[in-house]
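Below you'll find the structure, written out as structure tokens, and then a few comments.
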Amino acid sequence: MDILITGLFLGGTYALIAMGLNLQYGIARIMNLANGEMIVVGGFSAFWLYSSAQVSPLLTVFLVAPVAFLLNWLIYWIMLRPLVKRAKSRGQLEVDAILATFGLAFVSVGIMLAVFGGDYFSYSYLARPIRLLGDTYALNRATAFLAAVLICAAIYLWLNYSRPGMSIRAIAVSPESARLVGIDVPKLAALTFALGGAVTATGGALISMFFTLDASTGVIFTLKALVIVIMGGVGDVRGTIVAALLLGVLETFVAAVIDPGLTLAAAYLLFIVILLFRPQGLFGRRGT
Amino acid sequence: MRTDAPVLSLRGATKRFGGLVAVNDLDFDVAEHEVMGLIGPNGSGKSTTLNLISGALPPTSGGIALRGTPIENLPAQEIARKGVARTFQLVRLLPSMSVLDNVRAGAVFGHRRRWGAEAETHALRMLKLVGLDRRAHAHTGELTYIDTKRVELARVLASDPEVLLLDEWLAGLNPTELEEGIALIRRLRDDGRTIVLVEHVMDAIRSLCDACVVMSSGAKIAEGTPDEVLSDPEVIRAYLGDDDDA
Amino acid sequence: MIRADGRTLALVALVLAVAACLPLTGSAYWLSLGISIAMYTVLTTSWALFSGPTHYISLATAAFFGVGSYTTGIGIEYLPYWALPPIAGVLGAVMAALVGLATLRLSGVYFVIFTLGLAELVRQVIIWFQNISGQKGIYVLTKITEAQIFWQLLGLAALVYAAGWAIGRSRLGFALRIIGDDEEVARHSGINTARAKVALFMVSGAAAAVVGAVLAPRFVYIEPSTAFTPMLSFQVVIMALLGGTGRLWGPLVGVIPFTFLWEAISASFPNQTTLLLGVSFLVIVYLLPRGFVGLIEGTRRRMRAREAFA
């Protein structure tokens, strides 16, 4: 039972991170392999503000999100838009985006290593036990989960019921037709990319409350987020959440029962199974 | 080889996309040396039918046979090897290669597989057939629109197919080019090739086809010689009715 | 045509012969640099054999390399050394076949992600296994000298070039070029695209595993974190793309300058190698999309065009 709940707590935070990536890949069509670094940046900010000025990470989020939004918006216009423009095919854009965002990831890891060094950083915030259904859990994990749920719900509602949200979903389905009905595709793609970055960085700030990060942990998160996105289905918010929860539970189970060192291996196993049997994602329909 | 048996036959071929039935219970036969026109209004399922035959899409149900051998469950490359070759509605060339190499692709991997000098001479022969032999070493980017279509046709011919599927091969040509295009296909017909063509250009259908299948909303509504089907009231209604909807 | 091939062959043989004399200089520094260059030449060239025409970016080099190292590490206790590189090659090929069958039907992104995690996956499994068996690393103690390793790598490079040359002239090579241009056309022309891709991925997997097996004696002590270093996969991608994958000799043009640059940077700024990797990726995407080869050929074409107009 406690595995299930701990797993769900973890999965909730994963959902937030993967949601950021899914917005970027599903709508802006950029496979952002620097996603994990955005998490670390978010985590770093939370750590730094907490340890230097005792600012609660829950407040930091309100600073991190807009800054990350702006940063990702700039990244899209300066780095990625030229690639979108020059790409002759979807495949070429994919390769270019992969290489460019890998470059970005390594550059940011390099800069963080130079500025902060290679140390692990962690801080103790809300590290109190709480009792739930007869078992004890860490309060910070529960808080992060709650915040993640709120943000995921907000995004889901926004995408489904607001006008820009509707346009964004239209782009996800068919960029060409979206353009024909008067949707400014580049502008909204940039917006979604920025939003995805902001969501991811927020996830980073939340995750840093209970996760030890260092400058180069980003890639592990990128991998997990990618597995979740593919498992949940590209552009599918509901699938992302379910897949993230599934991964959170699986990882917690493997860590508790077999070996904590095997969490990524477990994620991969799940990935292989999905690739072999449902490459279109959990809820995706087979391509027509 | 028996000449009475059809080269290609469809029995109850059906393709569903979710709730939409794109091709509904389609039957027809194509005889050896026959040019069969597959016509119908936009969205009537002609291209989907070609996709089913060439293996680009698997049919939801029904059978497709090439000289009596079922091919409906084979992947596209197997079908190509058995002798069904196609062009694409939007021309697809291999952009990094020369004209000759584009055609060589058909000669090397198609129904009859060649290699080395044999493949090259065969490819050159096909280029001559479509009237492009002098541009063999040109880059595909330098070609005019009709020449890209010619290259694609030559690539398809180079595989020595049993059946040739032409998906709106004449679409988008200007009047002079259209004349050349029709003349070219007539030459293939005179060579005794078996061809299925999806086409909108009525002149071409009248002058090229031995038989026609007319489709509307995924189903066959008429079959016969071009003159017969084009005067069929239901066919006329299908075309005009669709225009009203659009 | 045949005469040009003959001349190229003679040139390659000459270069290899000159390179083979490197250990005779007696300089340990140059020999170690030579080993790096030979190693990266094999890895990048075999990488480009697959990734060049198909545009699938494989980040599995480290995984194959690590499996190769472990083959030598474990096998050396039971078998004579010369039997091990071939076994590693077979293991690498089998692994590549499995990965390829699972992922190469799908879009390129899935393939990148999968290969990126592969080294990590194998590494975690080995660490777990070692935790259970209570063993940490493996000592590989042999009498093999640096010079012998160098010569083996050189031989391997010759083999990879020969294989690349043969594939380039084979149906398989032609099929891959078609696939790289338009997979749909390839399928409809009668090419079994999945089989062609898996076949070439197996070649590159086998080559990387053999390199790992050959280099294992040099490490003396093998542990998962050194054998499966993800850096290796990225270095290989960068060098190959920097050189250019359109030509068989392209990756070599990237390997030589990058190896020197890498040595220099890691000697004087050991913490900045990640930054270097990142910057290199950006340079490739924004400044050299077709690598040095593209740059050279573009310049040559412009010069020829100018001559034609002059």
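For clarity, chains are labelled A, B and C in written order, and residue numbers in each chain start from 1.
Here is the rule we go by: a contact is a pair of C-beta atoms (placed from the backbone, for glycine too) under 8 Å apart; a residue touches a chain by one contact, two chains touch by 3 or more.
The structure presented is a predicted model; accordingly, all values stated were derived computationally and were not measured.
Seen from the C-alpha centroid of chain C, the farthest chain centroid is that of B.
Put simply, the chain closest to the centre of the protein, by Cα centroids, is C.
The distance from the centre of chain A to the centre of chain C, each centre being the mean of the chain's C-alpha atoms, comes to 32 Å. Between chain B and chain C the centroid-to-centroid distance comes to 43 Å (mean Cα coordinates, whole Å). Mean C-alpha position of chain A lies 47 Å from that of chain B. Note for the complex: chain A touches chain C at residues 31, 82-83, 91-92, 94-96, 98-100, 102-111, 113-114, 118, 216, 219-220, 223, 226-227, 230, 258-259, 261-262, 264-265, 267-268, 271-272, 275-276, 279. Interface of chain B with chain C (complex): residues 54-56, 75-77, 80-81, 85-86, 88, 92-97, 104-106, 108-111, 113, 115, 155, 159. Of all residues in chain C, only 55, 57, 102-103, 105-110, 112-114, 116-117, 120-121, 124-125, 127-128, 131, 230, 234, 241, 271-272, 274-282, 284-286, 289 touch chain A in the complex they form.
Contact residues on chain C toward chain B in their complex (touch as defined above): 171, 174-175, 177-178, 180-182, 184-193.
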